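Next come two complexes, and both contain chain A; in the first it sits with chain B, in the second with chain C.
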Partner chain A sequence: MKLTLKIWRQENAKAKGAMKTYQIDGIEGDMSFLEMLDVLNEDLINKGEVPVEFDHDCREGICGSCSLQINGEPHGPDRLVTTCQLHMRKFNDGDTITIEPFRATAFPVITDLIVDRTAFDRIQQAGGYISVNTSGNTIDANSIPVNKHDADDAFSAATCIGCGACVAACKNASAMLFTSAKVSQYALLPQGQVEAVERVENMVRQMDLEGFGNCTNTGACEIECPKGISLENIARMNREYLSATTKG
Partner chain B sequence: MSELKSNIPEGPLKDKWTKHKNDINLVNPANKRNIDVIVVGTGLAGGSAAATLAELGYNVKTFCYQDSPRRAHSIAAQGGINAAKNYQGDGDSNYRLFYDTVKGGDYRSREANVYRLAEVSANIIDQCVAQGVPFAREYGGLLDNRSFGGVLVSRTFYAKGQTGQQLLLGAYSAMNRQINRGKIEAFNRHEMLDLVLVDGKARGIIARDLVTGEIERHSAHAVVLASGGYGNVFFLSTNAMGSNVMAAWRAHRRGAYFANPCYTQIHPTCIPVSGDHQSKLTLMSESLRNDGRIWVPKKKEDAEAIRAGKLKPTDLKEEDRDYYLERRYPAFGNLVPRDVASRAAKERCDAGFGVNKTGEAVYLDFKSAIMRYGKEEALIHGNHNPSDKEIYDYGKKVVENKYGNLFQMYEKIVDEDPYTTPMMIYPAVHYTMGGLWVDYNLQTTIPGCYAAGEANFSDHGANRLGASALMQGLADGYFVLPYTIGDYLSKDIRTGKIPTDSPEFDQAEKDVRDRMTKLMNGSGKHSVDYYHKKLGKIMWNKCGMARNAKELQEAMDEIAELRADFWENVKVPGSLDSKNAELEKAGRVADFLELGELFAKDALTRNESCGGHFREEYQTPEGEALRDDENFSFVSAWEYNDNPREAKLHKEQLTFENIEVKTRSYK
Partner chain C sequence: MGIISSSIARKVAMALSGLFLVLFLGQHFTINLTSTFSPETFNEFSHFMGTNFLVQAILQPVLIFGVVFHFVMGFILEARNRSARKVSYVSYKGNANSSWVSRNMIYTGIVVLAFLGLHFYDFWFPEIAYKYIEANPSDATRYYGELVEKFHSPVRTGLYVLSFVFLALHLYHGFASSFQSVGFNNKYARGLKKFAKVYAIAIPAGFIFIALFHHFNH
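Presenting the complex of A and B:
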């Protein structure tokens, strides 16, 4: 395949960025999107140009490093995959592909296609845990039975990989889907009940402090989420939050 | 250099750890506040160690090259974590887990370490459940288990096909709690470039801020390396793109011995290579072998027809299929350990029975599992006379529930539906059993420098059993290292803050800067990847699943030549003082180019076959690995030399007092 790539280039956080156009040839359908970028970079290096910087690591859809807004969609046109698992067979010979970083005030660009997502870490630090010491002196695991339905829902919420696609997809750059996934995981488990009130209050406060927008129930986040995290989690977090504020 | 001291406590095997914990020195809580610990790597071992050390009261600094600790490559572990809980009542015990692990490692691991691992395994599950890790459960609300290779019990706990992510998020949440309390300072997007020794003790590191390029000095009273394995020396592996040996190798250069580098795990079930553009390989969890049956065509002409695209695997009748693992190993069947399964796949493919265009793949087939589960489900649903279609639909649902995300991943990559046509798989580099040599306390040969998780060599011998890496990472980090490091740190309560303006830090920083400048000043002939791919090809072809003396010698020469070429001609664009992915890669590949040669040397020195190390010269008439216990029942611990082939070998003799050493058989 022959492709035209329009890629956001930005030297560093302070520099002004711009879209730059590249031509690329010899792309095969079996390549992943990132392997296509590897080909471009190898070409740039050989030409003496500076290669395109992008975040990536596991390349099997689980670490949440890769991002990229491809033709206006986080992780590109395929559903339920991250960019690293998007394959070039989804594109056609002669296509023009636009590649930008995830855009959000709370995700400032570091360089080229790399953004700073540490706001997500700070939301987790504000309360995304159960306060249990790691001494191993807890009770036997099977003395906490969990209804299978709840356990499965908690697991589904916990599959969030923290990539930020939900924020990039949202017209308000809201982080509600991300935050609610963690709140839901613990809200559905008996272990999470003790700190439920403080957790949701602290995590929501931090989320607001980071400059993420509010949720207007558009649902773009759920559609673009590579792990299919459900909007139900946002509803659950809203209930938890309401209940916490009335208790608190 | 003196003899290696493993510091294994005296006394009966099952009392050693308890006794040791009672005997070692403690640091009082007030003094812990004055002691700093650096943890490099935030995967299961590093993340859990950092959280626990901070909880105990030490001041912890963590370092990871990823943008968040949550992205360390432990996250990609799929299948599960072992623990001797015996929840299934199938006869499991600490001893049996210990026995399976020592046998699985082909009697090349240290008894006392492995027993301790088995002993603390049950605590890991309790701990993780208390943290809210959502393990799979049965309808009664209790935890579910499954089986992994090389064992006859069900002791593996799991969270669908992403156990690693769930356990890592557990450790990350424990870290977050400590970050929130100010007890952990997390340096993300940072890479350790050197270890700093003061008076022979590890007292800090030199790190690079990967965003600004700034070189930083960080001091501490002890340094924990939990930086993972070195599988990427093969270029293509199931490791993350950034996984590297730098932290461990820098420590090795500063005096830490490197143990058993040639023990590599080549995992039998990975998606086959599709072309030269390939940047990494994807694992299909071993848990699939619970239900999938592995086969190749019985007749060569069928294999040829399949390769040519003239025949489909589903067209082949039952009697024309060779379920070679079930045939060769009736007792364990498809659940033989990884090294055995990988070699058997290679044997069939080399003999001309492989499938895929390349002939380098075998089938992993779920048809019989789907039908078996389907019949059961039909009965449960009161359908006593189901049609084949109904059985299939019922069964598909069960398989989807168990392995859905893996099947989806396969389909996205290969563009084939594994529910209707068998998966194609082939072995790929996955894990490295070798690593920094450590004693019973997980201390390397450098005082104050510890190694945990995959970065050390200690528990898996020459072959790791499935679902044991997660167990070891968390055991080391949560339950072993936080105790043993206290014994060392108890001598540091009066030391005070370690200054970073000492000549030792000056020198280490200068070394780092010189090295990076040299990397930037290559003649610019070839990219870093060009060298990495070349190294990978040498490693795979000559140090891979089967090795022989002639090729190992060639590998050493070729790697040495490639290393010289690399330093002279590598091309690193961009600048030193900004984000520069090529520079990061160049530093890592430079270390792989040294490690690769030592790897080959280690393999050449070990004149036997054991576990993942298979030397063609040493095999039984049936093609099984032939160990030489008389001459090679030792750990190879290498002392660094600039010229890796001149590295000095130290031997730690292994003794087995609680287990009978015999030929490993899964027949």
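Presenting the complex of A and C:
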């Protein structure tokens, strides 16, 4: 497969970036998108050029490290997969592929295709946890009965890998799907009730402080999320927030 | 707007003000529809709305506040959303994951706002001048004639029809998504959202019918 790649190149956070065009040949349909970029980087290194920097870690679709806006969509045209799980068979010989970093003021570019997503870490640190005494007399979690439906929904919310595709897809660069997934995974379980009010208030406050946009319910985040996190989580977070505001 | 500072509070405020305006729209449509089959009924309703103390002194200011709040907050949110992505994508495939109407609420809203300017110029300002500035005597039969006279002009009728199309586009996303904003998203909400989508098309289509009816029948 022969491809034309248009890739965002930016030397560092302060440098002015620009799209640069590369030609690449010998790409197999069974390769992942990141393996295709590996081939490009080998070519660039052999030519003495600076390779394209991009985030990756597990390459199994579970760590949330890989990103990339591919042909105008986060993680590319396939659904429910991360960039590392996107196969080149989704593209055709002769295609031109545009590759950009996830764009959001809260996700500043570090270099090339790598963006700083620590805003998500700070939202998580603001309340995405439960305080459990681990001194040795902790009650077994399984001793607290949980409704199967709630357990399933909490688990689904917890599958969010925090990759940032929701922010990248949203026309407003809103982080509400991510934040709502992290709120929901506790809101649905008895263990999460103790800190429910502080959790949603603090996480939403941090989300706003980071400079993410407002949700306008376009639903783009849900469609582009590699883990299929549902918009129902955002509705739940809104309820939690309204309830917390009333109690607070 | 300062007290409504969090993103979720603003989103809920947008939804609630929008729902209030949707309710008003249904009431406005019901009264206007009577003009197509009973001028007397239309005059009676209009006279009641134009002279009742509760409507004039309480509901009307609340409605105007609702409209102003909705569009001012809409602009504030739009400014914030634009600043949340200062560097745009070279390639952005919005159609792959969201509807055109959901992404362009600000533009459909601006058209509806411009229409409101025309609509106030046509009906509200003359009405206020008639009653409160010129202090004309009360006339319970003038409303139907004033309405019909306005729709003689093909330009005005065309502008009204075009505006109602944009109103439908605005409501098609706005009405249904307001339930999500206030946290109502479950199996019951699905039926309500379907109703909202039908309402979003039916009410503006009804307004278009009324405008065309008077244009072609008089």
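Rule of thumb we're sticking to: the second predicted complex is superposed on the first by the 247 of 248 C-alpha atoms of A that agree within 3 Å, B and C clash if a C-alpha of one lies under 4 Å from a C-alpha of the other, contacts with A are read in each partner's own complex, and residues count from 1 in each chain.
Note that a residue touches a chain if its C-beta (ideal position, glycine included) is under 8 Å from a C-beta of that chain, and two chains touch if they have at least 3 such contacts.
Remember, predicted model here, so these are calculated numbers, not experimental data.
When both complexes are overlaid on chain A, the residue A:62 reaches chain B alone and has no touch with chain C. In the superposition on chain A, A:147 makes contact with chain B only, not with chain C.
By the document's definition of touching, of the two partners only chain B reaches A:120; chain C does not. When the two complexes are overlaid on their common chain A, residue A:45 makes contact with chain B while staying clear of chain C. In the superposed model, A:223 makes contact with chain C only, not with chain B.
When the two complexes are superposed, the chain touching more residues of chain A, out of chain B and chain C, is B. Touch criterion met: A:139 reaches chain B, while chain C stays clear of it.
Listed in rising order, the residues of chain B touching chain A in the complex are 48, 51-52, 55, 66-71, 73, 75-76, 85, 87, 120, 123-132, 134-143, 159-160, 162, 164-166, 169, 172-174, 176-177, 179-180, 186, 188, 211, 238, 240-242, 274-275, 277-280, 282-283, 408-409, 412-413, 415, 478-479, 524, 527, 529, 571, 573-574, 578-579, 581-582. Interface residues of chain A, counted against chain C in their complex, comprise 6, 8, 19, 69, 71-73, 77, 98, 100, 103-106, 109, 169, 171-174, 176, 204-205, 207-208, 211-220, 223-224, 231-232, 234-239, 241-242, 245. The residues of chain A lying in touch with chain B in their complex are 11-12, 28-32, 34-35, 38-39, 42, 44-46, 48-51, 53, 55-65, 78, 80-81, 85, 87, 89, 110-111, 114, 116-118, 120-121, 124-136, 138-142, 144-148, 151-152, 154-155, 158-159, 161-162, 185-186, 189, 191-192.
Partner chain A is touched in their complex by these residues of chain C: 5-12, 77, 80-81, 83-94, 96-99, 102-103, 105, 173, 177, 180-186, 189.
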